[in-house]
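Okay, handing you the structure first.
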């Protein structure tokens, strides 16, 4: 596959790995923000190929992981409501709510449907005029333009039986949260290449300047990650900070202005609780008042449910890179993908799931 | 974040609402993709697709940058 | 002696889809519910079929149920799948298929035309294999109580003398062969599943493997240690089961695993790992190292083995674990499938 296979060649990976080994002269701690990048790193075994001086921490870039429990509970409640079809990306189905997950709601008769795209959810609404279709709109800024378009189109077409349960989150406030923590150890960031494809990287320049850290928007193939890691380490070794773009074939400084335009027309920035972390100021996107008719929480008058979290789950520490999954006492014991205590063990981009799946428990 | 896969645009059309849609091939698998966010895309271009939307057109020239970089670091060792 | 349900009710008070996924929960259900209840030596081997010694002959005995949806898919249907599936389970024991049974559970309202189509497909498949369907059963359930049609096929076969195929026989030094590209069937099904449709020319690779297996055994004889068809749960789950059962380690070489571009593309966009996607018409063979090349050649000479490849080996280290050497030279553990592989987006 073009633009995929070329970034997976062993000889080229070797060159980059050797270059990293030659480059590094002292210990550095860097963080890759995105769960998809964590996944590639562990799947290709990159973490074991880096020099021991390099510590890789995994960031909170897993929208499935940070979706608040209350919203999962609301999704489950909706799925079990007669006449409602709850449509969702596959990833959300096994995330534990206070009491079960969407998959078990489905097992008990709830109408839960997996879709590939938010537009598929809209089509479901058109095909089932006698039902209410709710789309569980999860995601970072990469997904926001798609979610926005579904709402926009629904309004254009006058579709009355479609709404979204909005769980949109934003990356920059999360990075600032990590950097502003007095115990922060992260010295450089591998930024999320697809978030930056949409938003550009101009937002990160201020952060890089303020905290004097190198930030490198990076792609998702093994060679991308190795090059991104190289670029961050090179900046650190040379005492530089600022934003340097690795993912040049997709990311531009200004991002995708068409996508941003529609996003801003439909969504506005708001505070949002991140599961395991707490309320992140400006950490979310919600529907603008003009589109409030498509807000499922308003449409169904969903009260705030008292949400229950496992006492043992340390997802917050995992998501902020403060602990590694195997440092959690429940990892691999009470908490496994079959019976997860929290989201990072079940989301295929969650750090705990990646560590479990690819055998980093040792 | 997330899964953004490169695919080749093989056809483009406007749907009844004026939304630009296209067929994109991923190694032979063809999926319908919304091209509204890449208005300058042409048949034969490659796009990065996330949840059924093209979020960028792949800059083929820039894509070469990686391989030039690899040449360079390869030469560092030899030089 | 009464039977006490061993799975803590608090853990899984109801059966989940994942219990049928072919991964960890399926294993758990078998090990904790079925095995203790039905305990006997033939069952405990837990291969694709049971081997029974009867009057000096060794018979393979297997059963399989088919619940695939949609029932008509690119490259096949539930009918031929049902015939091939059981013929293949017999073949994985090294047995020549002797006879099949076919049990039907039909939902009230299921179109007669569809039933006839399925039955015709079964007739054709069985005729091509040369195995008669000698007995059967039909039940009809109320509308809404059965997804159109479910089929169970049971088969008996004869194992030639000198052939001893069982998961426990895998040993360090063995090479692992597969007869062709992986994940084709699962992706062909996904291409017509609601919510995930995509256009593709992929056809399910469902096929009877008894002839190919016959050839493998002819060439390899007793040096063929294990045969397994990696259906639900994919290659990863099948290898994990064998590694556990034989208490050996397995090392897979990612770059050697045959996979078609289209399948790769589909797995990429759906976020699926092809190692966990269901296969049909595929067979893994654990072969003593000194016979492997010869067996590989024999496979490649057969129509169902043209893309056969050596994809890994059995080692002494890390018993029970499957390790993959990635394309870029890194290593990772390939775990058993957890739950149902849901297409991921994020």
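The first chain written gets the first letter, and so on, giving A, B and C; residue counts start at 1 in each chain.
We take it that contacts are C-beta pairs under 8 Å (C-beta built on N, C-alpha and C of every residue); 3 or more make two chains touch, one makes a residue touch a chain.
Being a predicted model, the structure only gives us computed values, none of them experimental.
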{"item": "Chain nearest the overall C-alpha centroid of the shown protein atoms", "value": "A"}
{"item": "More contacts between chains, A-B or B-C", "value": "A-B"}
{"item": "Length of the line joining the C-alpha centres of chain B and chain C, rounded to whole Å", "value": "36"}
{"item": "Whole-Å separation of chain centres (CA-atom averages), chain A against chain B", "value": "21"}
{"item": "Sequence positions of chain B contacting 2 or more other chains", "value": "1-3, 5, 26-27, 31, 50-51"}
{"item": "Junction residues of chain A - those touching two or more other chains", "value": "1, 4, 35-36, 62-63, 89, 116, 120, 139, 143, 223, 349"}
{"item": "For chain C, residues contacting two or more additional chains", "value": "261, 264-265, 268-269, 271, 344-346"}
{"item": "Of chain A, residues touching chain B in the complex", "value": "1-4, 6-7, 12, 15-16, 18-19, 22, 33-36, 61-63, 89, 116-120, 139-140, 142-143, 145-146, 149, 153, 156-157, 171, 192-195, 197-198, 220, 223-224, 227, 248-251, 256, 258-259, 262, 349"}
{"item": "Chain A residues touching chain C - in the complex, by the definition given at the top", "value": "1, 4, 8-10, 13-14, 35-36, 42-46, 48-49, 62-64, 89-91, 93-94, 103-104, 107-108, 113-116, 120, 138-139, 143, 222-223, 336-339, 347-349, 356-359"}
{"item": "Residues of chain B touching chain C in the complex", "value": "1-3, 5, 7, 23, 25-31, 49-51"}
{"item": "Chain A contact footprint on chain C (complex, rising order)", "value": "11, 14-18, 24-25, 28, 194-196, 255, 261, 264-265, 268-271, 321, 323, 326-333, 335, 338-340, 342-346"}
{"item": "Chain C residues within the chain B interface of the complex", "value": "191, 198-202, 260-262, 264-266, 268-269, 271, 344-346"}
